[in-house]
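Two complexes are shown next, each including chain A; its partner changes from chain B in the first to chain C in the second.
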Partner chain A sequence: MTYFNEMYDSDGKSVREPYAMLREWVETMPSDLRQMKQAEAEDLFRRIGITFAVYGEGGDPDRLIPFDMMPRVFEQNEWRRLERGIKQRARALNAFLRDVYGRAEILRAGRIPSRLVYQNEAYEKAVVGVVPPRGVYSHIIGTDLVRTGKNEFFVLEDNCRTPSGVSYMLENREIMMRMFPDLFRTNRIEPVDQYPNLLRRTLESVAPSKCKDRPTCVILTPGHFNSAYYEHSFLANLMGVELVEGQDLFVDGEFVYMRTTQGPKRVDVIYRRLDDPYIDPLCFRPDSMLGVPGLMDVYRSGGVSICSAPGAGVADDKAIYTFVPEMVRFYLGEEPILKNVDTWTLWKDDDYKYVMDNLPDLVVKEVHGSGGYGMLVGPKSTKDEIEIFRKKIEANPSNYIAQPTLSLSTAPTFVEEGVAPRHVDLRPFCLCGDRIELVPGGLTRVALREGSLVVNSSQGGGVKDTWVLSE
Partner chain B sequence: MLSRTAANLFWMTRHLERAETSARLLDVGQRITLLPNTAEGYQNEWKSLLNASGNAALYAEKHGDVTEEGISEFLFFDRDNPSSVVSSFEKARESGRIVRTALTGQVWDALNTSYQGLRKVERTPRGQLDMAGLTDLVTRNASTVRGAINTTQLRNDGWHFMNLGYGIERADATARILDVKYFVLLPHVEFIGSELDTYQWQVILRSLSAHRAFHWAYGGDITATRVADFLILNGESPRSLITSLYETVWHLEGLGRRYGDGVPAHARDKARELLEKLQTTEIDQIFDDGLHEFLSGIISELAEVTNLIHADYLTGAV
Partner chain C sequence: MKLRITHETGYKYETPARNLVQSLRLTPSVSEGQRTHEWSIDVTGGMRGPAFRDGAGDWIEGWTVRGPVEEIIVRIAGFVETRDTAGVLRGHREIINPLTYLRETEATEPDDALKALARDAQGSDGLDLAHNLSRSVREAIAYAPGVTEMQTTAAEALALGEGVCQDHAHALISISRIRGLPARYVSGYLHSTADGSSHDAAHAWAEIHVSGLGWVGFDAANGCCPDERYVRLGSGLDARDAAPIRGIRSGFGDERLNVAVNVEEMEQ
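And now, the complex of A and B:
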């Protein structure tokens, strides 16, 4: 299989424009300087406190995600096209959510099977008929993209609930600017540090109508044991809002309040980094200690906004994913700018047969899985691994989808011996409020192991700074 | 400010101060063992340290016999001992991590770097460690954090809560370290006024990094009365009870002004009362009534102030 190397033109020799200057930068960097800088970067990350704990993996809770100093670069026109595609998708996804919690026109029209929506675990009956401010359900969408050619981009996944990783986008940039100011002086790289302000504006723009003054926004975190806690506190800090836990909030009458040193203070917008089942024990899981009893009643009566809205998860389910291009056509009357990856759904007999016959060539994922767990990468697996997975599929076919193994693009990456191509993906963060905004950049994850296609940080993935060159 | 944030700021600095105290207690113990001693060896001195830190029972359960190595490990590294240096520092860092948004980058950096340094020491084989160096490491780290707080934090309510943590814990610690003397002397009342007695008082001053300051303030001989006066009633002494309480009252008054009459200030009233009591007491009176009794009383009244701080500010009630 051949892969698109983002550094080179299709002839594989001439360096593409956006990488020309980086090549010189790499070639003139003495190896001892490189090692020094790498150590400096790690030290900075550790001192800032960005660490990553993986559920169930044990080991050092203060583990760092490896940071690769070689940036990943997009040209302006490449980015503009991605941006249009991502924003288009974001509009369609929110239109879909508005629809399925209302009249469900798309289901009536037979474009999506009702079963997939109404029997979906992420579909919340509790919010049927509740229209959040501005009709926005998913306020922060993390779109996972991969590239397979110069102009070939595919969406792997839409994350409509609480996508994480944006703190890496911001910190990677901070650290690169601190360590290599010259790179930024000699190149015109679009900034990303307006993100926290845009996020705050977005949250304020969806305050409930009952809120008459400047809205009070908070970030709701599961707590400091959560693996993304650093990100929660980082965003709260940059936005200048309180970082609250469930125990800090309580419901009194028709509003939500936080406990402060000066008594209760009303909260208007909650950016929650907590999944639906945990936000209100009276409405969802009664055993959850993380949420706020009564929150959903206040939400339904328009006393508080919750971002993303409860129930938004139904739009990013892997089974619904296959219909996103359909949503774009149905709601927007446009052709999708970004492509979906072909997906076989194993609850269909034809698809099932095809997948089972071709397991060694396919990637099989759990419908509700995440983080690179519970998946089979056919071409990278042994016969035994494939047979074990086959048994799992046979036991519960509707739990799986399959996709062709994509020839993920590679980007130049620092490795032991110098610079070598490694596979990358991209997650930009799209904000939806009164406007739809996308900062020029995102989180590039890189599979540091040679040949590996799995970019998840829990499985040997690292991160890179992502540049968009301005005109 | 969120009540939980305020609580974490308050306990962050309390635990930092406590880590320093445990390190100082260890230092007191080591200096005391350098004295010529009775036939029983150093047993009493080490036990007195445990009594002062309030953890004698836990130690007995875990280690049994009192040995220098056992105590050093217990006071410095033992995570089962809630007041050990490592436990306290870990709790301080955890609180800091929880309220990262309320700390400046410099404060977090100082706290986190100190903690990472301590973890490195923890992994070093004990035989290679210089115990006196450990106390220095802890006091130096604690000073770095304190300095970062006082030079970079906004003078807002969070800053008051941090300084309250320091003030109350320092008062508590000074009372406890002074009390060590009581435990040391308890079985040997006949030593009072002897050369050994003087030397022990001097050790207490040193362990509070106060022996030079003492000479500047008083000159002349070290006597029990003067040392106690210096550590309890002298308003120039930075770690004295009266100074710690004065600062505590100052910060509680700051909160009272900031929050206005709508927020209860019982803690401020109680702390003022305690401060006034110290301001109107003479050192001779304290010795006549019994130093140990006096110190025990102070320790429980400080606990009461802490409870009131919780009730006033840290529960988020109306």
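And now, the complex of A and C:
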């Protein structure tokens, strides 16, 4: 398999424009300085306490995710195309959510099988007919992308519920700027630090119409034992809003209030980092102590906004994923700018046969799985592992999808011997409110082990600062 | 039939309770089979909060009581005029797609016995099959109060062979879904006539979606379809989802529940 190396042209020798100055930077850097800086970076990360596992991968929550000092770089025109593609997808996903909780035109038109939506666990019966402010259901969309060629980008998955990792995007940049201020003086790198302000603006823009003053926004966290708690408090801090747990909020009459030292304060927008089943024991799981009793009734009557809206998860399901290009065409009348990875759905007989015949070459995932668990990477698995997985598929084919093993691009990365190519992916964070915003950059994850295609931090992945160069 | 309904649910708390929040699905549905002439909901010491009609057509009211209180009473009183529509839910405005009611929940999760019960039922069409499924449940689960609990699942009730209306409804919903018929739990009231069934006036049954007809009620506990003796309140995937009252409070200790329901035919 050949891989696109983001640093070099196709001849493999001449350095591509965006990486030219970085090469010089690396070549002139004394090796003892590099070691010193690496130690300094780790020290900084530890001091600010950013040690959570990305994307709920599990593992030791106090473990530091390795930070690679070599930035990943995009040229302006590369980024603009990605940006258009991501925003297009975000518009289509929200249009889809509006539709399936309303008239369901796309299902009536037969473009997506009704069963996949109505029998989907993430489809919430309780919010059918509820239109959130501005018709936005998913306010923060984390789009996972991989690159396979100079102009070839694929979307691996859309995360429409509560994607995490944005604190890494911000911290990686902060640390690079502190350690290498010269790099940022001599290069024109687009900033990302406006993200918290944009996020707050986005949240405020979807306040309910019953809110007459400046909206009060809060972040609702499951608590400090959650693996992304650091990110919750980090964002609350940067946005200047309260970080609350379920017990800090209560319903009184038609609204939701927050307990404060000055008495109850009405809350208009809740950015919840809590999954649907836990947000209200009176509507969902009755045993949940993490949510706010009565919240859903207030939400459904328009007294508070919840971001993302309950039920938004039906748009990022792996079975629905295969239809996102169809959504772009159906709702926007446009051709998708970003491609989907070819996906075989195992509930179709033809696909089932193909997948079972080619397991060693494919990646097979659970429809509801995440974080690299419950999946088979054919080319990296033993015969036994493949056969065990085959049995699991046979038992419940509709629980699986399969994709070809992608040739993820590589980006230059610091290794023991100097700089070497390592495989990377990208998660930018798209904000949807009255406008759709995307800060130039995102979280780049890198598979630090040579040859590895798995970027998950639980399996040897690290993170990098991601640069978009301005004109 | 003109039915006068009173329904009181009292909660007595061992230690004073605060911050009570309730979500009430306690208002008769709007359909051809029933017309509500008067209806009132009151929670003692409470404040009415959000009130709205949801996608299933149910009227929901949220109530909060700040407390501290030692007891509360949820009081319902009203007058509904009903007529027999042979169990068919007609003229009921709802926007949730029936396919949404194909998913099983914890309470209706099928085991081998439920699967067998579903498999054995015959039917020339959807309606015929639904009737036969209902009959199978009636035959498999005898009416016996006090054997099962709120948390009893369809599978458990079938294994016991005894249960109450909630268990009959759960079992029927479970096996209907197995056979590909969308099904849901309905809560409401039942007027017991003099010849009388022994069932409580607070009742529950199942609705099965039959193509061409729409939602049709089946009361497996009584071996019939709802007629003019039935008043429909609301629906859900199972008893919990369709519960007339879902509530929570802060405070320690036990609570004592006291329910009194009365459904009387009014003088002409």
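Convention: the second predicted complex is superposed on the first by the 462 of 471 C-alpha atoms of A that agree within 3 Å, B and C clash if a C-alpha of one lies under 4 Å from a C-alpha of the other, contacts with A are read in each partner's own complex, and residues count from 1 in each chain.
Definition applied: a residue touches a chain if its C-beta (ideal position, glycine included) is under 8 Å from a C-beta of that chain, and two chains touch if they have at least 3 such contacts.
These figures come from a predicted structure and were not determined experimentally.
When both complexes are overlaid on chain A, the residue A:Leu243 reaches chain B alone and has no touch with chain C.
Legend: residue contacts after superposition of the two complexes on their common chain; A:Val128 is shown touching chain C, with no touch to chain B. In the superposition on chain A, contact of A:Ser31 is made with neither chain B nor chain C.
Once the two complexes are overlaid on the shared chain, A:Cys283 sits against chain C while remaining clear of chain B. Of the two partner chains placed by superposition, only chain B is touched by A:Arg47; chain C is not.
Which of chain B and chain C touches more residues of chain A: that partner is C.
By the touch criterion defined above, A:Thr261 lies against chain B but remains apart from chain C after alignment on the C-alpha atoms of chain A. After overlaying the two complexes on the shared chain, residue contacts for A:Ser233 are found with chain B alone; chain C is out of touch. By the document's definition of touching, of the two partners only chain B reaches A:His224; chain C does not. Residues of chain A touching chain C in their complex: 104, 114-115, 118-119, 121, 123, 125-130, 250-255, 281-283, 286, 293-294, 296-298, 300-301, 303. Across the complex, chain B is touched by residues 46-49, 224, 229-230, 233-234, 236-237, 242-245, 247-248, 258-264 of chain A.
Against chain A, the residues of chain C that register as touching in their complex are 19, 21-23, 47-52, 54-56, 60, 62, 64, 66, 95-97, 99-100, 102-103, 237, 240, 246-248. Chain B contributes residues 1-6, 94, 97-98, 100-101, 105, 108-109, 112-113, 116, 157, 161, 255, 259, 262-263, 313-318 to its touches with chain A in the complex.
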